[in-house]
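Chain naming follows the written order as A, B, C and D, and within any one chain the residues start at number 1.
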Amino acid sequence: MATVWIPSLLRPLCGGAHTIEAGGATLGAVIDDLEARFPGMRERVLDRGQIRPELAIWVDGDQADGLAAAVGEASEIQIVPAIGGG
Amino acid sequence: MTTEHKAPYRVIGTRPLRPDGADKVTGKAQFGADIRLSGMLYGRIKRSPHAHARIKRVDVSRAAALPGVHAVVTAADLPGAEDRVAELGEGSVNMRELSGNVLAHDKVLYRGHAIAAVAAVDAHVAGQAVDLIEVEYELLPPVLDARDAMRPEAPLLDKNRRTRSMAGPADGPSNVAAHYQFISGDPEEGFAEADVVVEREFATRMVHQGYIEPHAATASWSSDGQLTVWTCTQGAFAVRDQCVAILDIPVSKIRVIPTEIGGGFGGKTIVYLEPVAALLAKRTGRPVKLQMDRSEVFEATGPTSGVNARVRMGATREGRIVAADVELIYEAGAYPGSPVMAACMTALAPYEIANTKVDGYDVVVNKPKVAAYRAPGAPAAAFAVEQVVDELAEKLDIDPLRFRLANTSREGTRGPGGRPFPRIGHEECLEAALSSPHYNTPLEGPSRGRGVATGFWFNGGMRSSVTVIVNADGSVSLVEGSTDIGGSRAALAMQLAETLGVGIDDVRPSVADTDAVGYNDVTGGSRVTFATGIAVHEAGMEVRRQMTERAAAHWHVPASDITYEDGRLTCTSDAQKSATFREMALQVLRTGEPLVATGSIVGRGVGAAFSTQIADVEVDPETGKVQILRYTVVQDVGTAIHPAYVEGQMQGGAVQGIGWALNEEYCYDDQGRMANASFLDYRMPTALDVPMIDTIIVEVPNPRHPFGVRGVGEVPIVPPLAAIANAVYRATGVRQTQLPMSPRRILETTLGLS
Amino acid sequence: MHQIEYAAPGTLAAAVALLGERRGSASILAGGTDIIVQAREGRRRPALLLDVKKIPELTSIRTAADGGLIIGAAVPCARLCAHGDVARLYPALIEAAGLIGGTAIQSRASLGGNLCNASPAADSIPALMALGAVCEIAGATGTRELPAGEMCTGPGANALREDELLVALRLPPPVANSAAAFERFTPRNEMDIAVCNCAAGVTLSADGATFISGRIALGAVGPTPLLAEEASAALAGKPVTSSTIKQIAGMAAAAARPITDMRGSAAQRRHLAEVLTRRVMERAVARAKGAQA
Amino acid sequence: MSTRTQVGARINGEDTEFLCEPRQSLLEVLREGLGLTGSKEGCNNGNCGACNVIMDGSLVNSCLVLAVEAEGREIQTIEGLASGGALHPIQHAFLEGAALQCGICTPGFIMSAKALLDHEPEPTEERVRRWLAGNLCRCTGYDKIVRAVLDSSVQMRDTARSDGGRS
């Protein structure tokens, strides 16, 4: 199971947990798993089936290109706002 | 302190002349305004004198009738842009808002907001025509302060705006465009554990990047409907894609040619003039050049946010920071998009703190829409946090650098959102500062003080492409698409020379237009030497592979028999068969297939950059003037590819920060008019205001870059505001919670003058 | 910029005639460092720019019969500051004129332009006032003289009639045991406008123990540079001590009528008026004593 | 529509004639009329020094000189500094010392430095900083620029000395 860090403003959706173990071989599958257990999660993270442009989802230290990003058994997933630089 | 020669490298770490340098010292280099085309017209923009008003009527007839005027355009000439968010590589931009910022549709939201544009035979006639454009306004009350704008009764800039957050959109309309929050651990429990708690509020003003080159763009349409745009930009592809969206034309119809760029610091990442020049050029059938004057640059481009911050931090008697609570309110300007989320994520990054809460608010006000500015969001947050950290250290009677060292982030420390740091060099920076000659030289004399501060900034990855062409004489052309603001052509050419084992003089780098090289995200986020460097390395390795195959065919041996080392191909099965890269090129490229390789990458494995800085100041107790006596920048750069330009980034960032700390600010009257939109009254440091800036390059290689590169450009501007504030405190005994620490502010806070 | 005409007459008479013809629609172009910017920004809209740099009277530095100097109104600051007699006789003027803009501005900007532009914060005007400079003015009806302190009548407004131009500034020869000094305060060390500036001229008794007379002028603390008259008058007969200087500085500051703008607050300017007056008086006294030694 | 004036000036050693309107600055005519775009417009009001040129031996902001004022004057711009393909020692010192990043302010700095070293061959660091205070640079923090000017002054003195020895 991958570990997903839940952003503070989404924690009310999942009983206040800071991290949640979720299953799936891809990022999309992990989000499906979260949605199944904590309805409403998907639409906070995705827009029309894509990662919301204002968000960045990191899998094991790299920003995921999309929902097909591979997720391993011991993966760490973080959901954070996207950042610009100067 | 720079290691001039590192054992594994031949080219990296040396200081060759930059390839574009000769043209820049002789005046030959072409910058944005230097474009001159046959039959070219000159454009000028009509701008709002009001900070907030509804546009009731625009009458361009008198302007259009002026002899010498060829066209006048308004927002009505722009195709309606969709209300969608376009990905431009630098965070996200709402296209309708981007279009509205280029030419106001129905409301003007800040003084300087563009309303119409004129093309004429020369700039003087265009200027006269602009004066003849009549605009009727319905004045609306301006909102100029973020805290005022957050009040429920505040006038709304956009009645359809609802606060966005991960919790979903809010119910009612608001000037608060977004709310960000990060909580880890249990902050209240953490504060309960603390023996010392410090809480303070801070405020900074809007400031500008202050690049010396004003924005300039020239557009020309061919008779078959192809648009060419010349512009000084940090990202030719970003300009292309924004023009495509705003003008509603296919990508295949537009080519953007980046000129040399006279500074950007994040401010040249979004379009202002390009789509307007394109409209005027289309209308007139002639090339049109638009360039801003300095007051337009101040009033109508994208400065960075004024900020309100509240910071509360607690530490144990032993010197361990156990809790932090930070609230950051950032002005977005006229449209959403302040860098507050980056501020939230950088504010506490230098420290490992178990219990933290950070809230950030992105608030629209009637000021120009902010753009990126060097480490966007981080300096103001560090100004607040690093003073509170300093105060904790003082209360605990611990040396401020040692206090930071005791709490430093390390590999594995989790930041906001739970992301763990990879290998970072903050600890090494602090140690280098502690053992620096500067820190170990006592500062003596009255009204003098020494301050330290530390800062963090992300590195960007994003997309880069390069093409490497091996010429028949063995020289190598490097075609890249990352516009070069501060010497990146040199840094990339050096990485290619290193990869191929050839001399730096054998590599000729050039920045290509959008039709001549693969996609490249903007030059920003400290990403080019890192990410485009990876693309260069990839292309270089492909050249090596192809060259090895050619050599194998030439020598009639299997490729597996050939080694490539230090720029020499050698056949392991026949030592007689050995040739340098150049010799082999001469053998195989005169007649065989041309040798071309590309590198196209998404920059993964970004490093993280830290800088620790030491400032000595003297404060004139009678005038309040702060003089910088000595200044040292310590920075982990991963690997310094070209140490001279790495030092240059460190020095330049520090001095830009010194300006921000001491004198720079947007001064507004209560109607939202900027009172100091000139280089005379927007007081950037001159050569006489600063000393030599000492640099200490720390090299903790980024393990995920082939040469260990970390982004260098942005982080040096993060610590100076706080370092100087801490120094002023030591000199005067008074904490400076507002910027700029101008003589007036110093007198007000030290003498109670008001 | 709007359409303008340009003329560069070679004689004073021709210039005065042209001014008379144009009846207020002409502006004088000396160094151009103010007028060109103002015309470009639409703050002034002269129909004619009258370049005075070809007129000998405006571009020369001459010694007057009384031993003082007559400085052409259009002499650029760089030439003024490099002039041996000016440096010897009026170091305070060099301290002031040398601060008008950076190096490139110095090549063009002039005392006459600085004075006629009548900025409340102009650096050379308090120095000219403290030195007792007199304006030599030419016009359709002849020439007249005016104390430098009376040239500015408001922000950006001067006492010249439409047909007049400033020809030169006449500086009286320094009397024995006298000296002046100038200082300004700016947030940056260069390329900045004074938040407050101050010049003081003092004459001491032969033994250096008593003030005979003095003149203190302040800039950027009122609509025009101003002479602190009470403070100046109060100096006569006072002992040369730090407490006198402190007292006079306080009186000078009391004469200030500053406003708050983006360059500084009223309170800051009033405070600086006192600090700067004290500092320039100390320097002027030291200089007067040094001159005597 | 406009009254154009014919102006004759010696620009970078060549007698040059051009037509201009009185409202045009020397900078505008250099750039748009004569194609000498090495002088840059950073502020157009004399506060940044990017347009600095040398007129009759004096450093001026070309944005604050009317083109008509150039009549009969000798003007030197960045384009006239290198002789026959060889960089001027100041240009070389800037290149060698990494005294430029974006490069937009560089021509102005080099012209200012030349005016300084023409007047004062041995300036101190403080003198260099004061002289260059009218030139804004936003990239370098001035450190390497000041060093480059000091380095070139040494270089030029050495060259002058060895030239003197020969003649």
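One rule holds for everything that comes next: contacts are C-beta pairs under 8 Å (C-beta built on N, C-alpha and C of every residue); 3 or more make two chains touch, one makes a residue touch a chain.
Because the structure is a prediction, the values reported are computed rather than measured.
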| item | value |
| --- | --- |
| Of all other chains, the one whose Cα centre sits farthest from chain D | A |
| Chain pair, B-D or C-D, that carries the greater number of C-beta contacts | B-D |
| Mean-CA-position distance for chain D and chain C (Å) | 30 |
| Rounded Å distance, chain A centre to chain D centre (Cα mean) | 57 |
| Chain centre separation (chain A, chain C; CA means) in Å | 70 |
| Touching two or more other chains - residue numbers and ranges from chain A | none |
| Touching two or more other chains - residues of chain D | 21, 23, 44-45, 47, 130, 132-135 |
| Shared-contact residues (touching 2 or more other chains) in chain C | 1-3, 102, 189-191 |
| Interchain pairs in contact, sorted by label | A-B, B-C, B-D, C-D |
| Touching residues (chain side chain D, partner chain C) in the complex | 2-3, 5, 21-23, 25, 44-47, 49, 52, 55, 58-61, 63-66, 68-69, 112, 115-116, 130-135 |
| For the chain C and chain D complex, residues of the former touching the latter | 1-6, 8, 29, 31-33, 36-37, 39-41, 49, 51, 53, 76, 78, 101-105, 107-108, 189-191 |
| Residue numbers on chain B that touch chain D, as the complex places them | 15, 17-18, 20-22, 24-31, 33-34, 36, 67-68, 122-124, 209-214, 260-265, 291, 293-294, 485-487, 642, 644-645, 647-649, 651-656, 678-680, 684-688, 690, 692-693 |
| Parts of chain D lying in touch with chain B, wherever the complex brings them together | 1, 21, 23-24, 28, 31-32, 35-45, 47-48, 50, 77-79, 81-82, 87, 91-92, 94-98, 100-107, 110, 128-130, 132-147 |
| Chain C to chain B touching residues, read off their complex | 1-3, 42, 102, 185, 187-193, 195, 261-265, 267-268, 271-272, 275 |
